[in-house]
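This report concerns only the one structure given below.
Chains here go by letter, A, B, C and D, matching the order in which they are written, and residues are numbered from 1 within each.
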């Protein structure tokens, strides 16, 4: 938010006016500065949380904190240091590591902020969305769209962690948060071998149920994307003859609603990127912010000129209009979630090559 | 088209008027009848061509007729007996059996009528669409959309036949047929192991290339649907808990453009139906016509009260507003193509339960 | 429809095959010709009906034929001479002159073919559409969309004629004609001063009822376009600084659904053109056909090289892919209706400059 | 933004964990509260600024402050008392009174936040948008959509004030603000008698230029809505037979893009409401916030149980999920702008009758 310029001159009539305006809850534009900036001003800063530390801290939380404590989820939320101490990873996005111990369950609730889970490692937990159990394993993407009931179950012997992303800060900024706790107790038995969602919409590309729903939902009806499919889609792109993908060393898949081709949820775009070793491309910046979870590989990213080495499990916040370069030292698989659908829907999306000379500072 | 009523009365002034109108290429409405019917009047009749005969006649054509004769395709077109002797299966749709012998090729051309191929048996042929080779095997659906270059190649030792459907009669009725012969000679070598189309759009459900095309096409970019996927999609529907599919014994998949969820081409809807033995449902009728190819199984259909036994390879024409019942004696897999997208786009689609008492006549 | 080539060669096996195919209602592609043409083959021919003759014949019909005779409308339908003697103006479109005498009424009915009325002269009749009375006066466009009840009333002392256009041939070709006669007797009293449709949707540009309908219709809810508005819209285009309109001498308005900007009905595009004297432009051709009603002015059109002089009340049929040039000798106002929305919806619309040298034959 | 619960228990291991988390810019969910609320929590409060005071303060600003001071606009911005002292009327919306003196000009600039002007009284100023001069008079709505150049000119002898609304807080929250100052000096002469925008798109309802733009804009091409049209549209609604409008005493027009029927800009809905004296309706609440400018009439609104008397020129902020009742004592005309299109695009729009018993407190 802009700050007021207190350059009140000596004119007593003007001082009186300023006083009367303040009393009436009005502000003179001529006393304000910084309202309109040449390019976007992001409140958050580029930031990286290390996977190694997240895992270690998640494990300690698993030992010390019962799952049913505040919030009913054992969650470490990313707190961007420039966002005023709040628990938000960037201005529109919440990011977190969630940890579920053996035979634990996180009970049902629903809320208008939409959520997604990208599994960084392990398997065995399943998430129930509106009564449909969805298996979670490394590389899977599981959606819990706005206002769907959801609960997490770990029937096995090993703990499991995953990356959570929500549009909570955005929905809070739009003053549209609704929350409802679920019925107790949650079911601990279900067969997530394949969900109804996947049986209906996940059998293959371009195959939809013949009977169309009377009222389509705002989100994708396919609530789980399996890593095997995503991996194959990325690998396939590199084998298309004469494709740009091969030339650039960058394959790139967008998770889509199979009934519409739109993003899986109206507020968040989910993508998987694969960068071949040696990949290099000009720096880019765009409006909107994103969170990246490093799934496989090693390399570094350069964010507004600062280099960050990355390794599996790292989580990265990229605020709006940050210049981004990705360099793969080993084949890199990166999951990203962004608010791009919001900016596109409102016709506020822009991107450009970051032509300013990028001088990379030493690695952090 | 309506016929004129020649009930000219005795009034000589009226006779004069009628004569003058005819001379001016005008017709008096009061002398016309049959213009507007309470329900649709189809010109074509329900009809079934037997697969056994089609195969036998296709083989004889393969022996006697070179592929490069008139039309550059060895094709037996379905001629609905009530369509005035023309080669059309129904008012809007062309259906045919195409036969390609060992080491033959059908050279490239393109036309605004869209075409599709559903493979009834065999494998080995590949179809090149705009330079992209697409493998054809039993149960596969291959698209050659409007104005795409296409050619067929049989590098192997066995002949192969498939079902062709085109919207040619519709596009002719709309007076929008364009045709262009292709360059000679056509390539005889390509690797259709997996097409660029499938590599980009066929890796899995809900996975799209990250980079969006600058100008989306009017048709699906996924030009081949493999039988393995279709079969799995049908089978999956029967395993969804409490699904209507299980109750009715009818699974039903619509082939869709993965980038939009729309039909694969703007003029033709493609679907695959599986009916469990004992399936029974009330007769239905809808506007628009369809062609059905029997892929697997045995049973019969009842079309406007007449029973037709069906077996693999049979082709069936169902004109607009024909009452249809399907009865499976063995598990039935039926491929259908219809002009439903046209009727929907123009807001002319209607369907209803055929409540009139259906008295089934003896099987033909 | 294509014709068969009867070039049966001497080979008796081939003759046998051809005989067996015919018996099975199959046709060999190699015996067919003319299926696919390089450019569209229109069945109808370019044609002009003279307004002077239409008025004279309409008047005689008014004297001789009661309105409630066959079809319940006193209508002279345009019969394109190459359409096999049927009452259709072009392949997809019905055009006609309708005549209603003083104190006559054409009773209510509805049908899936959509209709529109463009008033060539006079005033005083009103058309009731689904209970809403719509005033008709010279230059007005009144819609009676698919499956809406409609009836015409002439409470005054003067007869009135107007131009009717329907998509009847198209809907018949799609085998989707439904018809229902209305309840008797029709109301003879209503106040068409301004219809509910116009009160809700016609107050001004870009102004919609705040409460949105629960189920939008496939057609425009604004059922009447007044000439005063259309005239002003055309005139305005000529006054835009530096506009192409002024340079070319051609203003051009499309009648649109104010709630969507789409064409007023899914099957027919309605437009009004104004050509300044001396207007000249390169000949154009496009897929799809149109009917033109000359409202004001004088000049000529050149259709596939043949010149037709035009005067108020003339009706002109332009088949698909006909080269069209319009030359205004006096300021020309032309109303046109076409099936362009159909061709666009099905991705079959094409247009091009008719570059072939146009040698204009003497005027007909 | 939520606050942290500092209820650290005595467990030293837990304290250590909390410390380590803070050091790593992570926050434990179990220490946070207030993240998810049962219903939306608005930061702004319902508020009313009095037109009488706005006019008086605007006049004093006109006397004391040159227009080219900070921001190049003489603007008094509404500062909602609960928004932390910033110049925003509600969380997503900026509202302000703008004052332009005789023969003054506010020079050109452009910015991604979209703006609109609703004229409360007077006339004579014109706003140039991308080179097109738009007349401003009482009751007119003038749009300056995202990233369009705009400047204001007052060629006359009287000062003029109007209501400005921008989506600036929203675009700032989305971190998508771009700004560019315009070229100097601005033109002081142009003929806003009727703008090119109005000549092309404003001639009448349902009339669009025949030639469609190659690239449609995200905003309406009709940049000015004249009060005469709006007034007629409201009045017309009351005359529709049997209409709900008459029963409720509430007419309601939405300003729309004539080429699409969508809201005039992707982020702001503009509406005009007319309430007949004695209007009463149940209280409603919805997600999203709005600003209201009182154009004509007298009465009061009840916002979350508090009554505010209203008079011409008053400006009212209604935060998300505030219960709203409007009571007209004289016929009331209210202009409203809201972020409803944003909530709808993101599938976050909800509304409900405010069933809680509303006890109205004494008028403020």
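Heads up, the rule we're going with is that a residue touches a chain if its C-beta (ideal position, glycine included) is under 8 Å from a C-beta of that chain, and two chains touch if they have at least 3 such contacts.
Since the model is a prediction, treat every value here as computed from it, not as a measurement.
Touching subunit A and subunit D together: no chain. Our note on geometry: subunit B versus subunit C, Cα centroid distance of 30 Å, whole angstroms. Per-chain CA centroids place subunit A at a distance of 53 Å from subunit C.
Remark: subunit A and subunit B have CA centroids separated by 44 Å (rounded to whole angstrom). Looking at subunit D, no residue sits in touch with two or more other chains. Under the stated contact rule, the graph of chain-to-chain touches is a ring, a single cycle where every chain has exactly two partners. Within the complex formed with subunit A, the residues of subunit B that make contact are 194, 196, 198-211, 220, 222, 225-226, 228-230, 232-233, 236-237, 239-241, 243-244, 251-261, 264, 271, 273. Subunit C meets subunit B in the complex at residues 1-2, 4-5, 11, 13-14, 17, 20-21, 24-33, 35-43, 47, 49-50, 53-54, 57, 60-61, 64-65, 69-71, 73-81, 83-88, 91-92, 96-97, 111-113, 146, 168-169, 171-180, 218-219, 266-267, 287-289, 319-321, 339, 342-343, 345-348, 350.
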